[in-house]
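Below are structures written as structure tokens.
Two complexes follow with subunit A in common, the first pairing it with subunit B and the second with subunit C.
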Partner chain A sequence: MSRVDLVQVTKTYPGGVKAVDGVSLTVEAGEFMTLLGPSGCGKTTSLRMIAGFEQPDSGQVLIGGKDVTRVPPYERDTGMVFQSLALFPHMSVLDNVMYGLRMRRVPRPEAEARAKEMLALVQLAGYEQRRPHQLSGGQRQRVAFARALAVNPSIFLLDEPFAALDAKLRDELQVELRRLQQRLRITTVFVTHNQREAMTLSDRVAVMRDGRVEQVGTPQEVYEEPATVFVAGFVGMTNLFKGHVVAQDGGFVRVRTAEGFEIAGRPPRTNGAPPQALAPGQPVTVSVRPEALRLVQAGAAGAVGEAGAVGEAGTPTARESGEAAGESNGTGGIPVRVDMVRFVGELVEYHLFTPGGQEILCTYQRGQAAPAVGQGAQALVRVEPGEARVLWQ
Partner chain B sequence: MSGRGLRYRDPVVWSVRAAFWIVLAFLGVPLLILAAVSFHPGRFMTFPPQGFSLRWYETLFTNSQWTDAIRNSLVVAFASALLATAMALILALVLDRYPVRFGAVFRQLGMLPLFLPPVIMGVAYVSFFYAIGFSGRIENLIIAHAVFNAPFPLMLISAGLGKVGKELEESAMNLGARPGVVLRTVTLPLIRADVFAGALLAFILSLNEYIVAFLVAGFTVVTLPIELFASLRYSYSPVIAAASVVFILGTAVLVAVADRMAGGLWD
Partner chain C sequence: MRGGFPAQGAGGRLARALLVFPVGMLVVFFVVPLIMMFVVSFYRNLPGAGWEPAFTLENYVRAFSRGLYRDRLVYTLEISALNAVLCLLIGYPFTYYLVRLASPFWRKVGLTLSISTLWLTYVVRSYAWSVLLSATSGVGQLLMWLGLVDRPTGYTPGPVATVVGLVYVFLPFMILSLYGSLRAIDPSMEEASMNLGARPWRTFLHVVLPLSLPGAAAGAVMVFLLTMGNYVVPSILGQPAQWTMPVIITNQVMNESNVPFGAAMSVILLAVLGLLAYATGRLVGKARVNPYAGSRVAQGGEGA
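Here is the complex of A and B:
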């Protein structure tokens, strides 16, 4: 159990593509950190730099405070689970799990006992003499865990190990992985492009894009306080509205969207820096989670006046405060047409279109009083107070 | 066996099927005639054979002219296959796993003997060996055949390495294995079948090879194909047919073994 530090690491591939571009990241001892991002964002390269399969062009990799940048993988003491799992097909399950111990010159009986103990830990006692191809996908996965952890590595690394599994098995193994990690208290770096997986497993998530880290935080922080438009869009579902700042009053920033509607939201995250004032006219994007939107039947709330704003590419000064100020939370509703209502088990999804053609997603939890609007109905959408987040563009 | 599929009554289907049997006849009938001729008791190859005799087989395995040729062929084939496979393994490992500059160019070089006419390769070896002062020795032929046949094990071993992939080796390194240990415990066991198949192929090809063998050592080291050719020139004895039959059967067995090995890698 040691901490991992990436210090300003940069890696450029021969083609000139910057796979990792000045990434600094600390994984605390015993922490479960997920590198989350789309393919090509540098998450796997970062992981491979920790394992020692890639060397950064510049910057340092520290494990337990020790600089290992130039240390080859076989001297690094990390345990890695590969995307393909990379179980040795010509060895039994037992020999696979013992491999790392044998490399460390642990005497055979001792190595065998330890390997059996690990197999029991992943509920595979009795499978010692099988070959990997005689196991199911989930069993192979557990062998890979056992093999990586048998040597008691200081760092546990996983590169999208669940990508090839079906959803149900993936869920089971995620729970199992988290349990294993917490029992062993091992520092873990997990790579995935699946934001749901990142959210449910991690202590903290580092959202990456184009070789840089966009935001590091707990799953809740990253979800509720996205630092950038990219993070807001990548982590969970969201509705993004481009617009301009109208004014900043109290804790909220009032934004007029491109279609001319007004939304009030909390100001951008400052990451500890003193808050920067948002000048009127400043282009921004407002992110509103689907569950933060509330749907009201048209006419019920008497906010029809807003419909006049259709198609107006909002210059903030053109239609000033007078008519749109209305609501207590700083927003008049947005008129929408209900395009589709989907029942998704625990959720009801409303797919809506604004007059300008922007698609909006609004969800209600099961048991919440969902509005009785059907396909084709006209309705109004409102933002729950304080749930919108204004982001720099 | 996999399923036979539906027997469609379609002109394309049945004409292709008919052509299949014709091709098979073209391939098989000459061999059958050869086999029949080898049992002819008379002194000249005759078809259909007038009687049945194994005397030419006896000659083949007792006459020192033939037994020497067989022995030479087997020695050259065995040694050159070993050498060819070793060279191919080194080339494939460096090109696929321990990259060097201009690797792609060197791979082409390794494959070159496949695309050059054997006569040119033969002349090249003769000039080379003559220039360095060795001529007409069996070692020369072994080296020449090894280089000449190396592309085949190179292809098979490279394909094997590709199939194995790099993650298994990285995984071994991650578990603490140094590169040499990775090679011994992971890479080589996994490409063993490809290495054997490549060696068998090089062995068979060396057995068959006439042109390079004749040019490099034809006047001092007589291999089976050289002896066959020489016999044809001065006589028309059925022993030639008998030698060919033995040759074909031996090759068929080896090909079957090589095929089985390359096919069943680890399941």
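Here is the complex of A and C:
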């Protein structure tokens, strides 16, 4: 169990593509850290630099506080699970799991005992003599875990190991992986482009883009307090409204969207720096999660031109909420047309369109009192106070 | 027939009709001559007057009883084995390097160049080496210029030239065979091995080598069999001491006009080739199922 530090690491591939661009990241001992991002964001290259398969052009890689930047992979003491798993097809399951121990010259009886122990840990006792091709996808995955962990490495590395599995199996193995990781208390770096996977597995998530780390934080932080527009859009579903600052009062920033509606939201994350006042007119983006939006019936009159006009035309509920919002944070509601209502099991999704044609997604949990608006209906959407976040553009 | 053509109806008949031509060619130009050769090998040779139909085993008895012919068969097997080993030793590192080239362009260039010599006939390539290895040009002069020898030495015709020529001619087959099997190894296999603590040479020994064994075996067998059947290289680059069975057979038929004896030796050569092809085919087939059979890790002999 050791910590990992990437210090100002940069890697440029021949052809001038900067795969990793000045990344600094610390993974605490025993922590499960996920590098999350779209393909080409540098997450796999970062992982491969920790494993020693790639050399950074500049910067340092530290494992347990020791500089291993120039140490070859076979002396780094990491256990890696590859995207293709890379199980040795010419060896039995037992020989695969024993491989690392044998390479470390552990005597055979001892190595065999340890390998069997690992196989039992991943619930594969009895499969010792099988060949990898005789196993199911999930079993192969578990052999790869056992093989990487059998040598008791100080760092556990995983490169999109679940990419090839179907959703149900993936879920099962994720739970198993997390359990394994917590049981062994091993420092783990996990690479994925699947934000759901990142959220459910990790202690902390590093969201990467174009070779840089955009935000590091707990899954909850990254979801609820995205630092950038990219993070807000990549981690979970969100509705983004471009606009400019009207004023900042109290804890909220009032933003007028491009379509002319007003939304109040919490100011951008400062990442420790003192809060910066947002000047009126400053262009910003407001991110509102689908579950933070509330849908209210627009009443018989339907056609609502502007947010301010809501109170007069709406039902008592709409009027009330419109007024309340208007008073508390200067926000009315956004008139929308209901384009589609989808039932997704635990969720109900409302696909909405603003008069200007922007699509908005609004979700209700099963059991929540969902408004009785059907396809084609006119409605108002309003933001739960404090749930919108203003982001620098 | 299942995939391309429907097995029944008009399509099936058309498919069968199309097959008549290649099958006919095969029968007329391959099967029939082979049978004729087999039959003639039992005929009696009439010195100076051709041969007469008969059933005699004297050709076979002669081929096995005379030391000369037996030695030639043994020599043919030896030089073929030597060539297979040399091609493997030269071809393996080269192909491994080629496969691991990062640029697909240079990989293709390398592969194309290394098999490009196949565009020329054996005859041209053999004569080219015969010039290169002669005392008055090429290598002989080069060695003297480098100060390695006092006088330019000619290597042709002779054993050195024969071996050089055979390696040169058959190396591309080895490279082709190895290329496919080395290319099929997922590079992350090697990374996984190194990640687990194996230094590069142990990674090679325990992962790359066993996984490429089928390709290496197939290449070696191919080179071995092709060398056994080759006439041009030993006859151009070798002295009589380097003549292989095909050269001896040609001599019997063309110079001695002893067709029945030549036919008998051809049948023997063919039988040996067929037997070896069959045996190695089985061996390689097994190796595919268990390519790790020979590894020390599997047998637990690797320990400290």
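Here is the rule we use: the second predicted complex is superposed on the first by the 366 of 393 C-alpha atoms of A that agree within 3 Å, B and C clash if a C-alpha of one lies under 4 Å from a C-alpha of the other, contacts with A are read in each partner's own complex, and residues count from 1 in each chain.
FYI, a contact is a pair of C-beta atoms (placed from the backbone, for glycine too) under 8 Å apart; a residue touches a chain by one contact, two chains touch by 3 or more.
Remember, it's a predicted structure, so these values are computed and weren't measured experimentally.
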Does the subunit A-based superposition show subunit B and subunit C clashing or fitting? clash
Quick check for you: in the superposed arrangement, does A:A86 touch first (subunit B), second (subunit C), both or neither? both
Touch test for A:A51: subunit B only (first), subunit C only (second), both, or neither? both
Could you tell me if A:F234 is touching subunit B, subunit C, both of them or neither one (first, second, both, neither)? neither
Once the shared chain is lined up, is A:F162 touching subunit B (first), subunit C (second), both, or neither of them? neither
Regarding the shared-chain residue A:R147, is it in contact with subunit B (first), subunit C (second), both, or neither? both
First (subunit B), second (subunit C), both or neither: which does A:F32 touch? neither
For A:H133, decide between first (touching subunit B), second (touching subunit C), both and neither. first
First (subunit B), second (subunit C), both or neither: which does A:M103 touch? both
Indicate the residue numbers of subunit A shared between its subunit B interface and its subunit C interface, in ascending order. 51, 53, 72-76, 78-80, 82-84, 86, 88-90, 99-100, 103-104, 147-148, 151
Partner subunit A, residues of subunit C touching it in the complex: 186, 188-189, 191-199, 202, 206-207, 210-211, 290-292, 295, 297-298, 300, 302-304
For the subunit A and subunit C complex, residues of the former touching the latter: 51, 53, 72-76, 78-80, 82-84, 86-92, 95, 99-100, 102-105, 107-108, 147-148, 151
Any idea which subunit B residues touch subunit A in the complex? 165, 167-168, 170-178, 181, 185-186, 189-190, 266-267
Quick check: in the complex, which residue numbers of subunit A touch subunit B? 51-53, 72-76, 78-80, 82-84, 86, 88-90, 99-100, 103-104, 133, 147-148, 151
